[in-house]
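Both complexes below contain chain A, partnered by chain B and then by chain C.
Take a look at the complex of A and B:
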């Protein structure tokens, strides 16, 4: 405590001034009041058209209300997620466009970081406020120790299976990949095959990685520099996928896109699929009797009991050419403060990256008994490149669908060693090129 | 009046002026002559088109040439010259050769079907029948519909489970039911996937071929056709020896357009299959897009796209040579 005898007028003013300033800052932060200098600015946001349309309606209103409150004119543009990389390239080339840009599934932080704003401050303050980020979040946005994006949410692809069909055939829940295979083998002859995309789409990239990593396989080491695909586990995963296809699927999986498995489940044909809960919601809306019997399961375990669920990441970034960087930062902070509202509006589709938001019961998924299991996924969530980060070469591997093509070749009957040779050739060629660069 | 003037010649003073004037007026006359003015007027009219070609075709082409020999990527504003490295790398890609082969198959098969269907349709539209104008308007609908909408409709028709084509074939007993061996998976079986993409391309483009041919057919004077009939020519003989030679320039231009449109058709394959299954329907524009834009390697993508040029050159050469010969 300060000795009153040493307190002169100068000291009193400086201490009181600091106290008032600190108090005001704390009040401002507490109320999340944006600084006055962002008034009169314009904020343009580019993001995907969400699979849950109601989320887009909520987000647009949410952004507008924030803008009205802070004197910022906000404009949100939605485009299909597959068009985001092309739009990003165009805006980069033009040096103009939106202030905030969304990356979905294909996270391009490492490719563009020189042209993105370092938002380590936002990443750090939001993380501190909400008990930190889940471990898988940081590698998505971090380059050379700095964060160039804010992870906004990710999309889980759990097991969705028909409990009525499983019960009728006396099958156990697909808690392991082997049990899932047994179920497919049993139910296909009864007119209920299973299906996972053996095609060039985002779900194929995610699903086959979940299988591979649960089998103990890995894509790249922790540094991200070394390929780890050439392994016993990869070969086992390929053999398993081939058997799963032969015994439990039909050739239609070669033509599937990201929505085909949704329709497959909703039609009442599929016995199980490994997909985002948009499939669950589609079934709820289009086929209530099937929905009633559809259950969400935890990620199936591999032969050694390992579970890894590869999710579709979503990240926000700010362009360096943006003239409203401060406004964009303020908006992102506000958005992360309302992370759980976003989760509610997406009907439990958007999973948070912030540890504090995993407090049970979580919105939507915590109150629906069939969805409660999704609350246990954060511990097993991974992204492309696991266990390494989502590097630029991995990004190219993902965008060229090398891994799904390996599984497709195996399912089509190519010898496993031929598949490995082809796949390793593609990985090495891509890695070598990036190393040279 | 002087004697000189009487004899028709100018006065000496006037003659001096007349002699000295041509030197000055010759300098001015180059600009003022009728032919020079016509030339200037002609070039002025041509200038917008030339500028258009230079800016909108030449500049991007030169830029893509530069990209192809550089290590440009979407996230880095600075690119360095790396010679033919991108071409070499593309050459070594297994997928590149599959795409190259598919592009040729796509081009040739689509051209054959578009030629056959376009010619048949053009002949049908030449006939007199009720509602001809309406039908002529309707046949161009596939060509005028936004490509994304029409291709997505086809995607539904090719759906592995809900395909209306399959259900119709199944109802008439040509194939088994859903899930049977004979149920075609249009976009999931390698040869069917490529064939399905070609079919959509043909469906979209053959009305264009028909309209081009129709324009040519209507330009052939009826007297010549009648004369050929009187001489005893059959329909095929009239078509081969009278109609085709007369509309040859139109045919060639149509062929050139069609080749360019088909080879650069990214949308149909990208929207239907993204080049799958396992690259079975991948063509060069799709591969160039995936490598150049989605994976961020602008240089490599540009190099892959430039491999379309050698495919286009034979068509271009053939057309221009044929047209040149006919000028003689």
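Take a look at the complex of A and C:
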């Protein structure tokens, strides 16, 4: 406590000023009113083109309305999600660009954190207000105990299967990977194979990790420093994938991209796919009978009953070169206050990271009988690097598609031990490079 | 024994063989355009019908894809941006590459050959490496997020190529023609404008076409330097609005490509002879 005898005018003003400022901030946060000093500033946001065009329209309007209310000129730009890293690299090199930048799937917090604003205050206050973040959220944005981003939503990749085909063949729902394999083996001869990308694309990175982690495998330990890929579980997952390909797929999966499984389902050929609900949603227009007969299933369990669903993370960050950092923070707080509105506008595509927003029934997915199962995913959701954080070496492993390449090699008939030797070599090389750096 | 073929029959057989040999190439060249055209007019549900022949319409053609293009995206603005950018780049390239090519080919500068090779080598540096340092240039000039940024950066790949092209072409023009012009009273510049350039017109046209089409097809620089929706060129705007996550709006995508690609292809055709002349003009020198 301060000794009153040492309290001079300057100290008094400092303490009183800090108190008034702190009090005002708390009052403003409580009243959701942005501070007056952001008036007259501009805010530029870069994000992906959402798969629901109406979401982009809503978001642009939402941001503009917030700007009008607070005297901020807001501009929202959209680019394809796979191009966000290239644009981010350009803005980093130029030291100029947008104030808020979106990372989708490939979360580059650890690569750029020295050029990003520490927004632990926003992360902390939003978390406290909404009952905390789900456990998988923090590692996406945290470096050395500080948070450099706000997780905004993630995209689930559940099982999407054709109930009519399953019922006609007397098959059980694909609640385990083994049942999914049996279904593919049974339905392929009837002209309805399955398919998962054995190629270099985002879905392959996500899907094969879901399989591996559900089989009990892991990429790295909880610290993120030690590679755990050399395991019995990884070998079992590779053997399983090889069998799944041989028995239930056709060779086209070697050339698939992220959209191929959408088309595969929409064509009415596929018996099941493991993909985002965009694949399911779009069949409503492209093939209504398929839409009617497609069911969303929980993540299939591995041999020991474990379920891990690897989701595509999406995060907002603020560049350090931004001249409008306070404005950006205020907007992110406002956006997170409207998290559930975003989920509604995205037709249930945007899954929240905030615990309070999991109260059932959740918007859209809680009221649609076929989508209600998605409410059970948050307990099993994980991201790249599981069970560790999404470290810089893992970012490179993901961007070089090392894990999908291992599964592809196995499917193409390489000996499992040769695949392991190659994959481990790649993981070790990448980890060693980053350790040296 | 069969009767020997008449000259007319021989000629017919020769042509038949030539056209038979050409057919596979024509199919390979034309099929993507045909596919693009029919997809642009197909209903979304028609694209996913596996029980019918995909090479023709199974449902009545529709203009819905073009409605999406023109009423739900900034397609009109993207076309204007692309054409304006390409025109500026073609002009800058012409103003730079013609004098540079002429100087390197005709003025007997020391080390001209090596300088020419060095200029061409810069064309070989891929954009994926250049876009990072160019980002700084664009930001310093204050052109970020304006299509003017592309007018500044595109000449980095059009000028080297066209300089090299013009060099080769100027070398084919006999020195005697230029000397005769100078004897008749032309200066160096007058000889270039009145004698060398007119006979080098195919080369100049080829440079313009190259500069124009190279500017039209760039994606990376457009992506890196221009983000606002109304400032984008077609190659960046189209995937932004019509590829959303893993959802592709195939009909509109094909329509967008068709509307831009077809007029350029037709225009190209008008100058085909001169273009071939321009491309082959510098050969052997």
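Just so we're on the same page, the second predicted complex is superposed on the first by the 407 of 437 C-alpha atoms of A that agree within 3 Å, B and C clash if a C-alpha of one lies under 4 Å from a C-alpha of the other, contacts with A are read in each partner's own complex, and residues count from 1 in each chain.
Heads up, the rule we're going with is that a residue touches a chain if its C-beta (ideal position, glycine included) is under 8 Å from a C-beta of that chain, and two chains touch if they have at least 3 such contacts.
Everything numeric here is computed off the predicted structure, so don't read it as measured data.
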Combined model on chain A where chain B meets chain C, clash or fit: clash
Touched partner set for A:266, first chain B, second chain C, both or neither: second
Contacts of A:275 with chain B and chain C, given as first, second, both or neither: second
Touching partner for A:86 - first (chain B), second (chain C), both, neither: both
Chain B versus chain C as contact partner of A:203, first or second or both or neither: second
Chain B versus chain C as contact partner of A:50, first or second or both or neither: second
First (chain B), second (chain C), both or neither touched by A:433: first
Which superposed partner A:314 touches (first chain B, second chain C, both, neither): neither
Touching partner for A:77 - first (chain B), second (chain C), both, neither: second
Among 77-85, 95-103 or 131-139 on chain B, the segment whose C-alpha atoms clash with chain C after superposition: 131-139
Chain B and chain C footprints on chain A, overlapping residues: 86, 89, 93, 263, 267, 269
Chain B residues within the chain A interface of the complex: 71, 73-77, 89, 92-95, 158-162, 179, 185-189, 193, 273-279, 289-291, 293-298, 300
Contact footprint of chain B on chain A as seen in their complex: 85-86, 88-89, 92-93, 106, 108, 110-115, 191, 193, 198-201, 250-256, 260, 263-264, 267, 269, 392, 395-396, 399-401, 405, 408-409, 412, 422, 425-426, 429, 433, 437
Sites on chain C touched by chain A in the complex: 44-45, 47-48, 50, 72, 131-133, 135-136, 138-139, 144-145, 220, 223-225, 227-229, 236, 239-241, 243-248
Complex contact set, residues of chain A against chain C: 46, 48-53, 75, 77-81, 83, 86-87, 89-91, 93-98, 155, 203, 258-259, 261-263, 266-269, 275-276, 278-279, 282, 285-287
